[in-house]
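Next come two complexes, and both contain chain A; in the first it sits with chain B, in the second with chain C.
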Partner chain A sequence: MTKLNKKHLLVSGLASLLVLSACGGETNEEVDSSAEADTSSDSQVLNVQVDVEVASMDPQIATDGTSFEVIANTIDGLYQVDADGNPIPALAETTDKSEDGLTYTFKIREDAEWTNGEPVTAQDFVYSWRRLANPETGSEYGYIMGIAGLENANEVLAGEKAPEELGVTALDEKTLEVKLANPVPYFESLMSFISFYPLNEEFMNEVGDQYGTSPDTLLANGAFEITSYEPAATTIQLEKNESYYDAESIELEGMKYQVIKDSQQAMLSYQNGDLDLVTLAGEQVDLFKDDPEFVNTQAGYLWYISPNTLVEGLENENLRKALAMSFDKEQIAETVLKDGSSAADYVIPEGLATGPDGKDFRETADTYLAYDPEAATEAFEVAKEETGQDTFTFGLLVEDTESAINVSQVLKSQIEDTLDGVTIEIEQMPKKTRLDRMKQGDYDLGLTRWGPDYADPMTYLDLWVTDGSNNDGSWSNEEYDEIVFSAIDGDLSLDTEARWEALKEAEAIIMDEAGVLPVYQKGNAVMMQDNVSGVDFHAVGLSRVYKNVVKE
Partner chain B sequence: MKKYVLKRVLMSVVTLMVIVLVLFTLMQLLPGSPFNDERLSIEQQQVLMTKYGLNDPIPVQFFRYVKNMLTGDFGKSYTISKDTDVSLLLQNRLPISLLLGGISIALGSVVGLFLGIAAALKHNSLLDSAATFLSVVGVSIPSYVFALGLSYYFGFQLGWFPMLYSVSDGLLAFALPAVALSMTVMATVARFTRTEMIEVLSSDYIQLVESKGVSGGHLIFKHALRNASISIITILGPLVVSLMTGSLVVEKIFSIPGIGQLMVQAIQSNDYNVILALAFVYSALYIFVMLGVDIMYGVLDPRIRLAKEDSNG
Partner chain C sequence: MDKTLDHPINPIDDFTFIGADNISQIDEVYEEDSFWKQLVKRVMKNKGSIFGFISITLIIFMALIGPMISGYEFDEQVAGHESMAPRIPILENFGIFDGTETLKTSTGELEVNKYEVIEGGEEVYHWFGTDVLGRDLFTRTWEGTRISLYIALVAVVVDVLIGMTYGMVSGYYGGRIDNIMQRSVEVLNGIPNLVVVTLLIIILKPGLMSITLAIAITGWIGMSRVARASMLKLKESEYVLAARTMGAKDLTIMYKEILPNIFSQLLIMSMFSIPNAIFTEAFLAFVGIGIPVPMASLGSLISENFKSLTTHFYMIVPPVVVLALLMLSFNLLADGLRDALDPTMKEV
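For the complex of A and B:
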């Protein structure tokens, strides 16, 4: 009997547990519903949707747009960009550039301080820059130290010299001296790039590898500070940083990021008024493009086909040209993608870089390899003769995203229609695998993309130099190499105007030989509530800046 | 009984270790590495591989992993949240999935139980048909359809509940996702309860109890339900695990920072340590729940317990 009672107790205990936990859930829900009213959007808090989590709050580790955006809200660098994309001083109060363009001396604002009350010092920059260049940090953007042309940057990156030998020194608490190995025309613009943002060494030593895992392990010197955060958080809250040197001009009281991956849910929340800024995906663009709240922003991303010139057939220039002109880019951009993308008859995207003449690179440069089925067929005939081959079969590597698959299917059918004798076999795979295979040279054609790192054509042109680490297709041209290397640290780097003209020439060379086959320039589309203004959108580096935002 | 439980626990630990080994081996077959990114040169990739010890022989990596794992260190995330301890990611996300799953299971099984009992008592009535209809709907429509519908009507149109997860909403944030997830549980439990109850209610021993004058709640809960519960618990076990470990689509729809979303992201980005840790958690939970179910059998049904005690000496 006692045995039975025990079991009895257990069973009824379990049952009541179930019931209780269910009730518990419900009663708590009721209690909480009263608090709900308070959480509805505050008037001066900007609610932004992003579709991917922040990967890192560490300026020297972060690589993706979302991380960049959130870091830039909380940390200022020496420079920032204005609404037109021109570099303007941020933490740099004054900048002295030596006549030969090799030495920069920055005075850091006296009133710049971290949220723990410590001043922002020159040493903060020295620390973070050495950290960026140190191969042990494993920073994906380490190489940008070499792009910026700092003395010994490439040697430090290669592990041949100690990070202490990098050409950056703190002359005193607020004076930073930077020595370059060669003049870099876009150096100031680079200073607005997140990888060059400072960190406080003392604080970093204190928190160690816990940096950026909670609001307590983050430090701000910028317009906002983080009040709610955890690694891979789906909501991030920021509050205006009252100790920010320019706090007066910041109108927002705070910001709230919400990660929403489902674009339909994001749009419903926007229509609900819970979000102020939401990114549109694929077909939504077409649906909302006439809405007054619709904003189309050009992104600097270029999608192109990389032909592997080591593959039989693709070493032939005429065949590559035939392929390049055989598909209708406009149709791909306007009827397949429908996301604000535009046809690319070039490799340097529109809105990327402004020349010494104050004009966008594209305004004065030519266009190449436009869709032209007749010219394509002609080039194909020549190619057939030159190679002595009538039929060609190429694999086309694409990543398994919806847009890439759609584009590749159109590419296949149009190339095969225009060029009788060419067969395209689409190979779908995850992006990481595609990158792997392309880097190994294990492909024929690859649909790939490149996003710009800084506002200069070189961010694209240096990809395709002979033996370049991103020159997957092994295309090679001596004249092209000469121009690019001279523009980096040779004679051309000293003469900005001649350099600019030479870069146009370099683009002409790679396009004339169809070293890569451009397809389209990515467009971004967002919806922004009409009471919000002052969000700056950029095609390069930091894509969205919120310092001037006003919410009425 | 004690010996039996101990043996089962030990078996579970061994199974887990084998699972980790299999996972570890499978992981080596994944194409690519976490570091093949456009911007990383081959030299840099090598630096990173060395930094995280991925160039060491696989057995060395395996034993190091197991050693660290036993101290609660699941390594660092390579891509999702760079250089963050995976244990920290789990610590933040697992409770959310467990809570959501727990609420859904509790809600679904309680409602399902009552529906099933009601249907069995009023066998072949309108109530019975209604309950059957509900459970067919619940089983056949996937939970994300409920999720979308609920979120559209109760979240967007009526605005009664939050459409998206937010910490500031507390448990209210779980209302819609929990209801959406509990539908399958509710339907399954209702269906099984009904069938089992009808069978039990018409059995000899219930008739005997009834003839002794026992009736009402006492009869149903003490005598009938207890006998019917064996099969209900059998199906509830796997359901508990699948809900506790998060539902990918429902998590995505409501932007819930649970482990379901994390898993998919980890696989897409080759974030080895996150995949391993999550797979380990899934397996551990499954084994643990199954162990619980086995022990519950013994508690509920002396025949099972006695049989096991016999066979286990």
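For the complex of A and C:
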């Protein structure tokens, strides 16, 4: 190296030092603020890790679990779920249900108020429900108004009637009347679902499109209010809402969410004591499963492969069946995921809904499409004859998360092993792209999931009706449609027992035709500091509720 | 001389033999060596490049036979063999690589040997261990090395075919042609490499093809500049003028007269572009836009196994070591070649 070069190096080195020291100011501040967080972590602030950013703070727009969780911390609906997953009143002080089950009258708590001092009124619910059903809002959950069975809901959704004609009215400031087109047995459970949460109309008009983009444009009536937030923020801070009607029973002084996508990094933070609650992945479970702080919970999420029945080959029922039976679900759940997931030989997850007989749906229903290489090969032989084709190549769409990639590789290897002549090509992409492509029907096979929104098998079964907005694979069966529609608002909706039996039948139909190929029911492995207690884990709707949390 | 001598001559004083000791310069006659022989001789003097050469040869050899001798397929998932620590015959008798690993669980350290737990595990050997899906890492590492070596080959071919030709043509014809060609290179060079690759992957399917194309699109620019600069220097020389006077065509002058004289620079340049290309591929694979699963490249192996860094440390070691060794070796060899062929380039 010549002298000139050395000089150059010296100069550039000094320059970079200057730049670095300029950055130093900021980093110092960051360190300071995290030090603050450390001191507060000793007090009553719960630090929670999530692996994706909050997509939206708008209750009628949000669709994902993380957004739901944060929204539910700040806003209360008419109902909430207790530790056992049963709906209990939240903002509804009294509920009157008419004898025919078609009219609900809710009395809203007198002491419920928004953080800007306005009382929570019946009009707030009317406003947000009309907003949900209004096609102009563009809510992906709009259809749930129809599921809830509100009068004129489907017409409003289709744009045929004005949102004002929706079957919900404010009788006076605190009385909300809901008119249903047909009895809905799970209506109360639905009322704890985020999409039905209220919003203050006046405030919404004030902030307009800016709602939910900063702490100033958010309004809370729930246990916490947001003090630090911006779209796609990696930390979200919440503070206890002193004006919450049940503020006395909230022990926490605040919460702090941190978005950490890498589970190893999250675990290191947990071990440092910076986090109180983290989710574990795959291999980590082995290391921590004997720890007293380890908690295994069953989540309602069902992971399944959606076959696009419009693709040549996949319209064949036997081929779909062959595919469905050709992979070892037990192995996927137990050796790859390890997080408490279980093999799914069904589409209605375990622990989702309890029937009129008081038993879980799965206890009385059959299982289908279990791993059976021989039956798979047989079905494949039939499929080969029927289609006149010997080899099939399908793309498998997966999102680029660790578990999805691992599962898809096992699926590929096992399907190709069992069915000689099938080739699976894995296509990895970000989740959003996968969802878009599946919505457009631009795929062969897609590894996807569905989380239950309310405690009824319908939350799954209505997905796959002909032309349903979530029926990506375009599977269609008239008998199935008939049962589902009848159970939503037809004859079956009037007779709970017959309805329950019919739902089992519907599941049998879709499974017999392998309209979707179930893979596993997700479990969650989490670590929770031993001084924290009272986090409620649910399989349905909200996955975690923090109202009863105590941090000692 | 006809004069008679006045005094007797002392022959000893006048002329003395200077003897072998006092010879200050002597012409030694060297055996004439060919270009390649000289090259090898000079490179051999450099210990670093010998090391580089030997380890490249070894890695190429292992990449060729590695996947065949392990007894496993690179995408074969052996059920029950998930996350097994390395076990190597003979060495296991010394208490290392015997398949034991220490798990640092939160409740204390736990020593496990999965080979003793699984059925028939006594007979099983995974030399580098297995990954979380039960695939043999030895096979996957060498399979991944193949990809890296393929990328190295692509880099050289692209350098020579596109970069060299482009630079030589641009430098030889000069003037307007040179201007146009150089401006378009500048435009191409102005687009960040990562952007080009990402765009390519959106258009094409992610895979080896798009990485190859990405390297082909931008990898040759450095080479073309060196080729152009050398061409500019040499095209005015007398021997080129002589050749032209004798009626040589442009192509003949370029490839027969000038190319042999700039060949060493180009060789060095292409050697240096190899580690760059290998690293680009590994980087792309690490950020997840490399080759599709379940195929393996060194970068994608590192990316996959990185997720188990805190749980099963051994998984990430083989691809990292091979990648580091490969890049180091190519750099050392290129260094040695440069010293041997063109010491002036050291300053560059």
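In this section, the second predicted complex is superposed on the first by the 459 of 552 C-alpha atoms of A that agree within 3 Å, B and C clash if a C-alpha of one lies under 4 Å from a C-alpha of the other, contacts with A are read in each partner's own complex, and residues count from 1 in each chain.
Here is the rule we use: contacts are C-beta pairs under 8 Å (C-beta built on N, C-alpha and C of every residue); 3 or more make two chains touch, one makes a residue touch a chain.
Since the structure is predicted, the reported quantities are computational estimates derived from the model, not experimental observations.
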| item | value |
| --- | --- |
| Touching partner for A:Val259 - first (chain B), second (chain C), both, neither | first |
| Chain B versus chain C as contact partner of A:Phe485, first or second or both or neither | neither |
| First, second, both or neither for A:Leu268, with chain B first and chain C second | both |
| Touched partner set for A:Asp58, first chain B, second chain C, both or neither | first |
| Touching partner for A:Thr335 - first (chain B), second (chain C), both, neither | second |
| Which of chain B and chain C A:Glu140 touches, first, second, both or neither | first |
| Which of chain B and chain C A:Phe203 touches, first, second, both or neither | neither |
| Chain A residues touched - chain C or chain B, whichever exceeds | B |
| On chain A, positions contacted by chain B and by chain C | 262, 268, 271 |
| Residue ranges of chain A in contact with chain C within the complex | 2, 262-264, 267-268, 271, 281-284, 286-288, 290-291, 293, 328, 331, 335-336, 400, 402, 405-406, 408-410, 412-414, 425-428 |
| Contact footprint of chain B on chain A as seen in their complex | 7-8, 10-11, 14-15, 18-19, 21-22, 25, 28-29, 32-33, 35-36, 39, 53-56, 58, 61-63, 135-136, 138, 140-143, 158, 209, 212-213, 228, 230-235, 258-262, 265, 268-269, 271-272, 274, 429-430, 432-433, 435-436, 439, 450, 469-470 |
| In the complex with chain A, residue positions of chain B that touch it | 31-34, 36-44, 47-48, 51, 77, 79-84, 88-89, 92-93, 102-103, 106-107, 109-110, 151-152, 155-156, 159, 162-172, 174-175, 178, 221-222, 226, 229, 252-257, 261-262, 268-270, 296, 299-300, 302 |
| Chain A-touching residues of chain C, taken from the complex the two chains share | 75-77, 79-80, 82-83, 103-107, 132-134, 205-206, 288, 292-294, 307-312, 347 |
